[in-house]
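Have a look at this one before I ask anything.
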């Protein structure tokens, strides 16, 4: 028999997490200048399209296929194309539909890839981004998901972090955030700075969009974290409450940091604090108490608010602060489990502050550092290879005049009161024949085109 | 006993599908020029208000009342006003609350009506649109929902497509998309072309809004498709995964088509591909394998990308491509079930490519063509009647200067830095008396009004 | 054993209700002028951060701790920091995780606070708003939630409205809407009118944002109302359907009122009608039939549409009509239960029109008036105290030039085609040291700064 | 040299541009403007409160021309932008002392 | 004929328009502009990075007037738009050679 | 007094402003404009339909200057805004009869 309550929650969660990627597209898209909003959003939407296909083809199998050696990798062929997974029953004597789990994990893969794009705003070739996304998912994300999320089950052997190291990463602080953050740093280095970085203003063009994105991310994150219980149970409920309260605390902490340092509490700060809190509570939401979550969130809010300035000091153009928010926030959340973890919480492990000594702490640090190192190094290699071969960066001219127009032949907004002044339809590529000729429509007035 | 897991999923799904209509309003609204964004959104919101009332009054009864003849129509009086449906139990010995099913099916009716509006952007009288929506839902959608979604149950007799033809339409490829697409074509013909169609540029005024809309639609569509299992079970999970992967594939395929044909992969293309994929997987999500879904999505993406140019060749102004995306996508998805269906999927039927012969194929074709023909013809009649009586189109002047101002006395955006330059409050209609006089407020400065 | 279906629905509902606050931020944010959109949104986001922490600390305990006297207040220390609530079981022999209920109720507290902010658009000090929010939640909302939502259970004694008065308030017509509406009126009086109120135009700067907000609110409200069944059962399903249909009816009724009175049916009217209907059906969704819900929604739509003009007559600047929509709508919905309640609905009580006499009616009136009076008086006191001490209103200059810039040092939009003309980065506060100096980055060009 | 400034209705802009091109004008500079004049503005309604919007959207075109073309250019614009209804706009001509093409530094006639 | 161009603070625009109407000006053309001058811009902060925004929003009004009204129109604007604080703006007057009403083709005085 | 009007490429604006400040210009008024000229516009594609966008974004700067600075100001702008590629823009100079500082009522040279 299928446990319908758990399945209902898992499917709802998966849907909510899928929405996070469009939410991220808004969050990121609002932060760039209006001339590159579409390209920014397209990196997320491109990841959404591509990874949803790759996951079905070989992603799930690499992550959750039977281990092929040392907890590093699942068998890519075992469930290639999800074969054999459409049957009704999943575990032996009844259990969740495997496909519900496939669904839930798919959206994690998607958003992890999309997160990286924040580091390379305004300047990446879209085609190269897609190639990168496919390779990166295959050689970085899918294996790391195996390390962290594939628990041993019966005969099936899973990943080393989950089963051997026993680091606690409830919903992906390592696999998702540290991973994406390290990759982001690598790509920011590979692509180099935007023209005018740290000199020209590159301020957000649409902050309501950023805040909407943050709101959607928060909403979806309940699926992300509470859904990671893979059941509609007490663990899910605790994760839910911790996800709320740590996030609230992080947002307040970020605002307080700004108010003290800059004199103003900003809306971008509130939105950023929300994401920082969400990131930090991701690995830890099953391991800390609600009061611990407040503390953890507040620490993450302060540290991430300070960390986003690093790029100006160190000189890498992590345009939308993926490092400052996801890498730093992921590290904070993962490592603090070693301090703030309490046996009273569902994960049942005491951290240093609760008398558990350093046992869990070192496991957390090893897990975090391993993922960070692997991700950074491999991403650097992939990035440089693509940069030297197909090229990863658009022309400087296109960057200056705006990547949306150059790459996508589109403009984000046309809010002019005039009725499209100065624009004229010159050709409508039509129909199944694929010919791009001028339509035969008598209504068509060819003198409408420009002969400049 | 109520199966709470199934109910939870059904209620969550219904909520998600309700959100699709505002999502559609954004998707459509962003695609028109800024002078008509509100009217575009209002057609969806108007449908949302109106159909949610009509469904309760007689819609549910026409769709799911006992058949009154040949599988064409449910008894409109049986459940008029949903009478008798508030009791606790639904099926005999326990089952889903009927009201949950009422809820879930309501939102299908709403969005189907709203979809049509994309064909008549910028030029329809809002009042006439509402009248049309009410009539169309009553004589087209509610009966067709009976044909397709009303399965025989005990003594209760349902519709002919579901029970006699046995065409597979899991979540409404025929009832929703082919239906709306055919109606859209009819209305585009009735209303005629916008002034300047195919000559003046009518480019999207807010593409981030379009992408947000597409994201919300995708999210809601998991409720649409996976919710159509009416249970939180394996079928729902398979539908979920197929809905994800077909959509991703369609989006990529649309982008590839554009890249090859026009030289640019656009954000509007990504958003359009998403919707095309969602439409095509709607009827088929329970019938194909995940790999089949990739294929099906890719085909839909390519064909819809080619089909949207047809309107310029054939000369009908289907402004936002309801025909190119919903009619074509619906046909592709419905008919491909006859080819790509596999007995390993929940629907359990082999299509032509899986050795099932043409048995299912002809059923799919007959179902699709029947719905398309009925919808097109009846819509044409309703449309012309309204056009000739109350009038369906606004004045040419209002169309040119902008329908938002003329019909709704509003402007979508006021982003001027100046503090509302040149605008002055002249009267505030106040209070329960309904008088529209000038308030007695001493603070009111009447010299503020314009005497031009 | 945990009832997973109910838990799944409750967690999904809680997530949906959390999203309502960002939705409200958009709804409100779109309605103000572009120079104060961020501040408007920040009042909601600030409430989101702050109340999510306070709820965990003492809010839940005040609302749902054992009563400390006369049904007025729960024990603030019993569950301080949610202590002891992380265990697996909730009721004696199994039941919902308490933490799921904690989660669900948390988001009610958050949005109630956020709702108030609509009354004080464009002019409130952000810091004071946060202080107010914390005090108000503690002395107004948490106690009233106890009155209305804390049902006696075994030895645990709850609030007086729920258990003694027996007024029906299914999801918070009194505790949330009348409460927020009365507080809004008090704050509007405390802060006074905006400069130029009722003379200068202060029209919505972004109506698509308003409509998006309304759509998200509607979506989330299904969690709000149907989730209040605290089970995935028939009651939830009835609440769902009533929430849909009353809202649809209210939206149509508002539009009709506008069309008759002003000659135009507006998009702001549609969005406002949606919210009015949602408010009115909140207390009543378990108590009326679907046809009763249509009537109730329509009445609320008309009355709220008329009520929003009152502020010009009476001279208080309830900027975004929290009184006209939430107080009036809340009163309408709460009191109409006394007329339209039917024993056939889940609440099982007949109102005046269904032969139940005035028994339920007076209970509804007493409940409504009590909450309204308490909230108004206490809010007035808190408001004046803050106004006279820390100050509640920004400088007139800042109000005129725009609160976003003055308070948050941000601008909502930068949609200029020019590449950020005239703006230059002068300093990036960097890193963990917190120093705000100029970075050592060689790429940094200091001649980029302005020496005006 | 002269500067011809024209304030016209937005939906006439495309036609005017085409007519000017046909006439031989090779460049112009356009800004979005709002006009106030005899043409009535419109009324907007938000929650029952009415707002008079006195300003109407216009397109403002600036064209630098040779002295002897000025009259013709004004004529072309006047003819093309005319709908005969209030609010069609104005065209005015001002003297210019010099004009430079930024790209080359060419001056006056050579700068056009 | 003269062209009076005024650059003023946005929140003064309504008053200026009313004063000009009262004076008898029947039409004007308005554009949104940004001003750079003695008035300091402001600073915005995004994630701790500060941006100097040197430009300030202004309203730019153009009014074609009869030669002998020019001085008075400038006076009306100067008086009404004055707050006495830095950044109140400038008004300048230029000669116009001719003006045409597009609707009718009327010229000069008749075109106003 | 003279009015110098410059139409330049948007990404050159910051440099031009700095050069003008360095030269001693204390104020200017800026509007966003669109230019039409030799420089080709671009093509946008929406669902396979191509749109020619003839207009290109430009920044339009107005500077009131003393008679004898006009030439130098034009020179500074021309030099700074030059990229050598088509579309760099134009600068033209017109006579001004008077200018007033709104804040003080000061006139002409004193108004700058």
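By letter and in written order, the chains are A, B, C, D, E and F; residue numbering begins at 1 in each of them.
Here is the rule we use: a contact is a pair of C-beta atoms (placed from the backbone, for glycine too) under 8 Å apart; a residue touches a chain by one contact, two chains touch by 3 or more.
No experiment lies behind these values; they were computed from the predicted model shown.
Engineer: Chain by chain, through touching neighbours only, how many steps does the shortest route from chain B to chain C take?
Structural biologist: 1
Engineer: In terms of C-beta pairs in contact, which of A-F and B-F ranks higher?
Structural biologist: Looking at contacts between chains, A-F has the larger number.
Engineer: Between chain B and chain E, what's the gap in Å when you average each chain's C-alpha atoms?
Structural biologist: The mean C-alpha positions of chain B and chain E differ by 49 Å.
Engineer: Take the average of all CA coordinates in chain D, do the same for chain E, and state the distance between these two points in whole angstrom.
Structural biologist: Each chain reduced to its C-alpha mean, chain D and chain E end up 18 Å apart.
Engineer: Where in chain A do residues touch two or more other chains at once?
Structural biologist: Each of 3-6, 8-9, 12, 16, 200-201, 203-204, 206, 212, 232, 261-264, 266, 268, 309, 312, 400, 409-411, 413, 415-417, 419, 421-425, 428-430, 448, 452 in chain A touches at least two other chains.
Engineer: Hey, what residues on chain E touch two or more of the other chains?
Structural biologist: 11, 14, 17, 30-32, 34, 36, 38, 44-46, 48-51, 54-55, 94-95
Engineer: Can you tell me which positions in chain B touch chain C when the two form their complex?
Structural biologist: Residue positions touching the partner: 2-9, 11-12, 14-16, 18-19, 21-23, 25-26, 29-30, 37-38, 41-42, 45-46, 48-53, 55-57, 81-82, 86-89, 97-100, 102-103, 106-107, 126-127, 206, 209, 212, 232, 407-417, 419-420, 423-425, 428-432, 434, 436, 439-445, 448.
Engineer: Would you mind writing out the residues of chain C in touch with chain D in their complex?
Structural biologist: 201, 203-204, 258, 261-264, 266, 268-269, 272, 305, 308-309, 312, 321
Engineer: Show which residues of chain E lie in contact with chain F when the two form their complex.
Structural biologist: That would be residues 2, 6-8, 31-38, 54-55, 58, 60, 70, 74, 77-78, 81-95 of chain E.
Engineer: In the complex of these two chains, what residues of chain A are touching chain F?
Structural biologist: Residues 200, 400-401, 405, 409-411, 421-430, 449-450, 452.
Engineer: Residue numbers of chain F touching chain B in their complex, please.
Structural biologist: So the residues of chain F touching chain B come out as 44-51.
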